[in-house]
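One chain, chain A, links the two complexes that follow: it is found with chain B in the first and with chain C in the second.
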Partner chain A sequence: MDKELIQQIRDKARNLLKEGTVEGVIGYERASDDLTSRPLFAYSPSDTERLIFDETCAHNLVKYLLDKKGKKIAVVVKPCDSRAINLLLNEGQIERDNVFIIGVGCPGMVETNWNHKSETLQAKCRTCQLFKPVVYDFLAGGEIERQAEEETYSDITEEEAKSVATRREFWLEQFGRCIRCYACRQVCPGCYCPVCFAERLDPLWVGIRIAPEENDMWQTIRSFHLAGRCIGCNECERVCPVDIPLSLLNRKLEKDVKELFAFQAGLDPEEAPPFATFKKEEVMEFEK
Partner chain B sequence: MNLFASKDDVIRWLGELLKEHVVIAPVRVQEQTTFQPISQVEDVVFDFNNTALSPKGWFLPPTETLFSVQRDDGKVELVPTKVERDAVIFGLHPCDARGIALMDSPFLQEPSDALYRERRSRTALIGLACRQAQPECFCTSMGSAPDDPSNVDILLTEGEDGYIVQAVTEKGKALLPKGLAEYKGKVPAPPKLEAVPTKEVVSAMRELFNDPYWEQVADRCLHCNICAYVCPTCYCFDMRDYADKGKVERVRSWESCQSPGFSLTAGGYDPRTTKGERLRQRFCHKLLYFPEQFQDVACVGCGRCVRDCPVNIDIREVISNLKQVTEAKSGS
Partner chain C sequence: MKSAYEPKVIGFLCNWCSYAGADMAGTSRMRYPQNIRIIRVPCSGRVDPLFVVKCFQRGADGVLVSGCHPGDCHYTEGNYYTRRRFALLREFLDYLGIAKERLRVEWVSASEGQKFAELLSDFTAELAGLGPRSKI
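And then the complex of A and B:
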């Protein structure tokens, strides 16, 4: 643990609460296993003594801003998480003036489970090229210098090379394990529809069966709703209790959107995701 | 009287059982261990920590058709789902067995749930005592123990070079293989577990129903259904009628009180709109409503929700906090 970094986060959080700049600070504290971490909502200056930051702080706390609309809130964000702030700003879900962003440089997060911490960096961290948040009001600890592998999408191109039948078999098997707990949706900063299609009765998009075909429908629409909007925090895959490799789907769509529209979500708050914009000159083939 | 079976004896026995029964046992799927009907004994895992999902799914499957509707010559008939074969669940830990015993209360109380009753009466439980506990385990605080034989038909305990076999019920005795020798040695001691302060938890729940505590814990809750779906005692479900090309069936699937819309009523009223109200419901059902209705707290201390909650809402910590908040309120 970087004690100096943690002290900076605590000092900033305490001052923000003392001065009344914000009503609450969302950060991290030690979990009940005394090893990993969990989200902390600090509302009084004394709560800030519990704030920590280390390589287990994987949660993307930006999701919680959606629960605190209209309130002035400070939030601790890693570089990848910060892209979610831009996404939500662009989509009009949060107001910049209401959010105080405590950015942190990120050394990369390791794989964790309750009471288990590995030495291995999460896959997304190995190729992450962001060393500081894309948007912040205060940067704790400064920018971190580290080496990152290039994102080559090699696993995706490998999948793409397989036949449709092979891929279909693979995904039906993966989705066969899905228990429709919706943790992937609940943790996702880009999933905030007031009524999710999965719960809509009229029209009925997908039924309640926890079975391969309906799970397939759920997962397909879920990932398509995130096409060009997924900011790559990979929280969905991390929280999946049955280990479905959702990053394969999300990154396939990320790769396609990058190739087709030269766009990556959350890097610029002014630029809307491709599927949220329409330009007159974008005449589709069949209209010619 | 305890008997002794070598591992080979157990494997042979499972092979015999497999001829006449559906055998549900822990198997390895990818990185996880989970209960599944097996097709060959070689797949059974004997040494495992608590499985990804509990074996409750055999009695209350994630999804099942309760009945289908058949129309013939203007006649309409409701055809209930049939349970085809007798079953054996092999290798369930005492906490999971207690989970099934707790589910019996709501499902077998009249009017009982026909499918649940049928599966339950036609399934034998062969338990496996836990030789080691995980840090998230707390079964001894929840009315069970790592070597608790009370909710299984047969309990196996791993000893040196094999298993000590204890037939608990008549149903269990009838399933035992012939020719097992008597075991006169000592049964290994179960692992010790840390205690959770469950004393007076029901009255604390009642007292703290309106306490701001719930909104505080719920701040970090994602309201996913992981805790409910991995829980051996959560049994809420949703039902829907499916109609497709003249075929109609009533389907039941797992559902959880954390879902948006779970408590939404016709007309649009939702009695539980805040995060705190929704999270509180889970704990109220387990620690207040269930014991008020059926005596026991609806938690078996398997620790799955502790292990799997993405934001570490730890029921042991909640129970300890309830005690602290009650004490602080009464000034003691």
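And then the complex of A and C:
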């Protein structure tokens, strides 16, 4: 744990609350296993003493801003989480003036489980090229130096090299395990529809029974709704209780959107997302 | 000659061009395979990827999304959005194991009855070649 960094976060949070700049601060605190972390909602200056930051703080706290609309809130964000702020700004879900962003440079998050912390970096962190948030009001701990592997999407190209039938089998096996707990949706900063298509009864897009074809429908549309919007925090995969490799879906779309439309979500709050714009002269593969 | 396997095709045709194109094929008495079930939509931009995925989930062998040629959209720009959306959906479905050949996106104008008939013959033959989709 970086004591200096944590002190800076605490001081900033305390001052913000004391001065009344914000109503609350969303950050991380030590979980009750005394090893991993959990979100903390600090509403009084004394609460801020519990704030921490280390390599177990994987949660994307930007999701909680959606529950605090219209209130002035400070939030601790890692570089990947900061892209979610740009996404929500772009989509008009939050107002920049209502959010105070306490950015932190990120050394990469490690794989954790209850009562267990490994030394292995999470897969998304190994190739992450962002070391400081893309948007912030205060950068705690300053900028950090770090080396990352090149992003080659090797996991995706490996899948793409397989036959269609093999892929079908693979995904049916994966989706067959889905229990449709919707944790992937609940944790996603991009999933905020008041009524999710999966909960509509008329028309009934996704049947209520937990069956492979219904799960297939759910996962296909869930990930496609995030095409050009997923910011790669990979929270969906982290919270999945049956370990469906959701990053393989999100990263495939991310890769294709990059190739087809030269777009990456959450880097610029002003840039029009790929499906809200077009170029008259572009030619897609099916037109050739 | 009828083979034992007849692929099921769902077609989403835009009201202004492709549906009229299909009508043209009909009124001109052109022959085309009867495998298609046509759903008329106001614009190809109305077709939500959800519709297509649902078709496949319910057992369609192929889906055709067809609208006005780029630049000719009745609503000026609806089909430009369609183009982007389905370019990505084809890749994604292919990745999930539904061959991209099963989802066709075509531009057919109101005067292209001949093109519509040929396109359907071609699509149906291609689907017959691919065979039935593996059941879940």
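Operating definition for what follows: the second predicted complex is superposed on the first by the 277 of 288 C-alpha atoms of A that agree within 3 Å, B and C clash if a C-alpha of one lies under 4 Å from a C-alpha of the other, contacts with A are read in each partner's own complex, and residues count from 1 in each chain.
By definition in this document, a residue touches a chain if its C-beta (ideal position, glycine included) is under 8 Å from a C-beta of that chain, and two chains touch if they have at least 3 such contacts.
This structure is a prediction, so every number in the text was calculated from the model and none was measured.
In the superposition on chain A, A:96 makes contact with neither chain B nor chain C.
Of the two partner chains, chain C is the only one that A:216 touches; chain B does not reach it.
Legend: residue contacts after superposition of the two complexes on their common chain; A:126 is shown touching neither chain B nor chain C. By the touch criterion stated above, A:169 is placed in contact with chain C alone, chain B being left untouched. Looking at the shared chain after the overlay, A:113 reaches chain B, while chain C stays out of its contact range. In the superposition on chain A, A:71 makes contact with neither chain B nor chain C.
Applying the stated contact rule after C-alpha superposition, one finds that A:278 touches chain C and leaves chain B untouched. In the superposition on chain A, the residues of chain A contacted by chain B and by chain C do not overlap at all.
Contact residues on chain A toward chain C in their complex (touch as defined above): 159-160, 164-172, 197, 205, 212-213, 216-217, 220-221, 223-224, 227-228, 252-253, 256-257, 260-261, 274-275, 278, 280, 282, 284-287.
Of all residues in chain B, only 29-32, 52-53, 62-63, 135-136, 216, 219-220, 222-226, 228-230, 238, 240, 242, 251, 253-256, 259-261, 275, 306-312, 314, 316-317 touch chain A in the complex they form. Against chain B, in their complex, chain A makes its touches with residues 31-33, 36, 38-41, 59, 63-64, 67, 113-115, 177, 179-183, 185-187, 195-196, 199, 207-211, 238-239, 241-243. For chain C in complex with chain A, the touching residues are 49-50, 53-54, 57, 70-71, 77, 80-81, 83-99, 104-107, 134, 136.
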